[in-house]
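Look for chain A in each of the two complexes below; its partner is chain B in the first and chain C in the second.
What follows is the complex of A and B.
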């Protein structure tokens, strides 16, 4: 068992849930409300120094009773130790956790991916948009267990909507290499890029997202 | 969204005159010359999206050597390409992209669908993948395989040559390519649904819900 777990329990008491060791890796469950505080402590406290966020991801188990989990994989570059922090999100409650982008900039796209695939919202995320599916995608969050493998719509409708998506709108301005040339772009393109293309497909306005 | 009917390519008066008097010796000789030139200098527009593109590169490299067929110049600009080779799976997110590339290619243009994924969706019978690029752009030659060996792709290219050699200016129908409306389906929705039916092994895939 990673000694950080004991240190966490001393510092945060019952905000730290159970801890599991499996194949030499330690997994520790943390309460949702104090997660960011705990992660910040793990990052900045000397003796812990988990300064590298390897991945943010999520799990949904086959058993519908089990909660979803958000998984933070941490690594200490100084001490060469790995720790896995998990937050359990019961499905009956709102799927909401604090973003860790203020701690690790690299979490930005990772959290967007979790949002896109699982529908988990990250509070205070600077730019919480879909990242893999296009922004007008309205069939839900594909990695959820209740999502049918082939999507919810018929194939022809999927093709139709896909053809309507505007490839230029998949990126925000600062992701585009043309950001500097923004003012030289044609008027309509500037307008499209600056507002993104949510709701751009005819007949989709007002449709709520599934899942 | 409506279906775009295959629109007639605007034919000038001279073409219709040709159609009236042909086929005769002059037009068939001219056909032969034009088709010989076209089929031996097909400039490919490689649209490599996945693992098949590796095999496409092998086909272009020295051992198999696409240059033998006048194809060594990859037209990375669709405006200077004749044949779009889609090597790999086409996710829905790329569907508008390949449609735009196809629209930018000058006529006459051809499309080769390379590999199981490009032709049918392959093993990816999922929410993210078009089930065959023929639901998005018209396809001339399908090359099966996962991935097709370079010999397979070369055979597909030779089939395309054969197709091009059979074209004649007397028959306008073979030259008609649909003008596609951006955003509209190329085929009627029922056809898209039917083309996207599970193919091969994917019928037996486990599916939730």
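What follows is the complex of A and C.
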């Protein structure tokens, strides 16, 4: 067991949950509210110095009763020690954790991916948008266990939608504002963009918004 | 520490200073205070241009789309868009036996498929507590180093093309082709190698493989010498890469960069040294690090890494022990076909493995290897069945690419191409 777990218990008391050892690595559970504080402490305290964030990801178990988990893999470049910090998120509550982007810039895209794939929201994230799926994707979060392997829509429906996508509408409002180009667009596109609608097929909206 | 050769090349480009007066900006200095600063709101030339690069563009090295805000030629903001190649590999993996996941890993970092195969097998073996044979370890080291060489060769060739040098591309791709031939002789495939199995390998190396690899090891340093002769002291190459896309050691760690991207900034973090796997601690090799964290240092680091890989391969060939490549455990390794046809017990093991897969105990495991792009990780969570609950790839180029806006903003548009090339991305891995 990694000695950092004992140090964490001394420092944070009952905010630290159980710690398990699996295949030689230590996984320690931390309460959601104090997770960022704990991670900051692990990063900056001398003797811990987990200054390298290897990965941020999430796990959903097949048993629907079990909570989702957000996983932070830390590594200390000085001490060459690895530690895994986990936050359990019960499905009955809002899936919300504090972002660690203020601690590690590298968490920016990793947290966006977790948001995209699992639907977990990161508070204070500077730019929480979908990253692998497109911004207007409305079928849900693909790595959740209730998401069917082949997607929610039939192949023919997916093809139909792809053929109807408006290739001109691939800029976000944010991007168009750079060029001050919004007012130069055709009126129908302007109207659709301002509604936040991109790629959608008129008439289908609403009936498919189950994500 | 890699040796750095700085030249005063005297090349310059046109720019404007903060007052809007035209100035000459020396090439390679667009990130410095000499470079034209982005204009204040409402000043002369305040109209910014929105430029879309990609997703189908040769300089984005795959289906990467960059939306760039330009002030004149200066990049003010870069907004990368990824996901065009998203295939849901991690989701697919949750529906497959561990061995069935291996073909998916061919297609993530498709420029170094064998290293990806090795990483996945190592993850499953750690989860199941399998200790692989000595011969298998050495062969996997050879596979990893061959992958690093072909990955870096592609990088060198394509980056040189991006910056206007066509010839090194031909040399590096020719050399890569020879290693691909070896790869094909070993695994039967050039790209979709599926080299590993949980607990072993697809096949032992064929008869002429060792001689071919030794010949390749002899030839490669000469090819690198030739490419370096074209580039390392080349005035245009230096001007286009030195001082471009600088990221400090502190920032590089903060952005979780890994591989040559991190080492070029002076951080000597190499998974092979810091968390040794496959007995890398017993090989004699150096980890080159840069000083300035710019495109030029990344180039020097990668070229030196290829030379070090040759050293490792030579040592591996020297020590390659005889013996089996697979563990002696009929629960994870398929029995020989003849035994499965004639021996009752072997047939049962064969049947159970094919129909039910190999069960992993409840638990989770993370393993990392030093891939050409950086730290490639496999994270498995198992609930005791034959299929993982969660399979996660720690994608090095995904994380390295996330620092692109940080590195490119403030540089010229042409430098954005150089910086993007220096990240060494592969979209199959980024989008997964």
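Heads up, the rule we're going with is that the second predicted complex is superposed on the first by the 160 of 211 C-alpha atoms of A that agree within 3 Å, B and C clash if a C-alpha of one lies under 4 Å from a C-alpha of the other, contacts with A are read in each partner's own complex, and residues count from 1 in each chain.
By definition in this document, a residue touches a chain if its C-beta (ideal position, glycine included) is under 8 Å from a C-beta of that chain, and two chains touch if they have at least 3 such contacts.
Here the structure is a predicted model, which means the values were calculated and not measured.
*Asks:* Taking the superposition as given, does A:105 touch the first partner, chain B, the second, chain C, both, or neither?
*Replies:* In the superposed model, A:105 contacts chain C only, not chain B.
*Asks:* Name the chain, either chain B or chain C, that contacts more residues of chain A.
*Replies:* Between chain B and chain C, the winner on chain A residue contacts is C.
*Asks:* After the superposition on A, what does A:166 contact: first (chain B), second (chain C), both or neither?
*Replies:* A:166 sits against chain B, while chain C stays out of touch.
*Asks:* Could you tell me if A:146 is touching chain B, chain C, both of them or neither one (first, second, both, neither)?
*Replies:* Touch status of A:146: first partner only.
*Asks:* Which partner does A:156 reach: the first (chain B), the second (chain C), both, or neither?
*Replies:* first
*Asks:* A:134 in the overlay: touching chain B, chain C, both, or neither? Say first, second, both or neither.
*Replies:* both
*Asks:* Name the residues of chain A shared by its contacts with chain B and its contacts with chain C.
*Replies:* 133-134, 142, 147, 149
*Asks:* Mind pulling up the chain B residues that touch chain A in the complex?
*Replies:* Listed in rising order, the residues are 1, 92-93, 95-97, 99-100, 125-128, 130-131, 135-136, 182-185, 189-190, 192-193, 195-196, 205, 207-209.
*Asks:* Would you tell me which residues of chain C are touching chain A in their complex?
*Replies:* 47-50, 52, 67, 69, 77, 79, 82-83, 86, 88, 90-92, 95, 126-127, 129, 251, 253-257, 267, 269, 274-275, 363-366, 368, 375, 377, 379, 381, 383, 389-390, 392, 394, 398-399, 401-403, 406, 431-432
*Asks:* Using the touch definition up top, name the residues of chain A that touch chain B in the complex.
*Replies:* Answer in residue numbers: 133-134, 139, 142, 145-151, 154-167, 170, 202.
*Asks:* Which residues, counting only chain A, touch chain C once they are in their complex?
*Replies:* Answer in residue numbers: 22-25, 27, 51-55, 57, 59-63, 71, 73, 77, 80, 82, 84, 104-110, 113, 117, 130-134, 142-143, 147, 149, 171, 174-176, 178-181.
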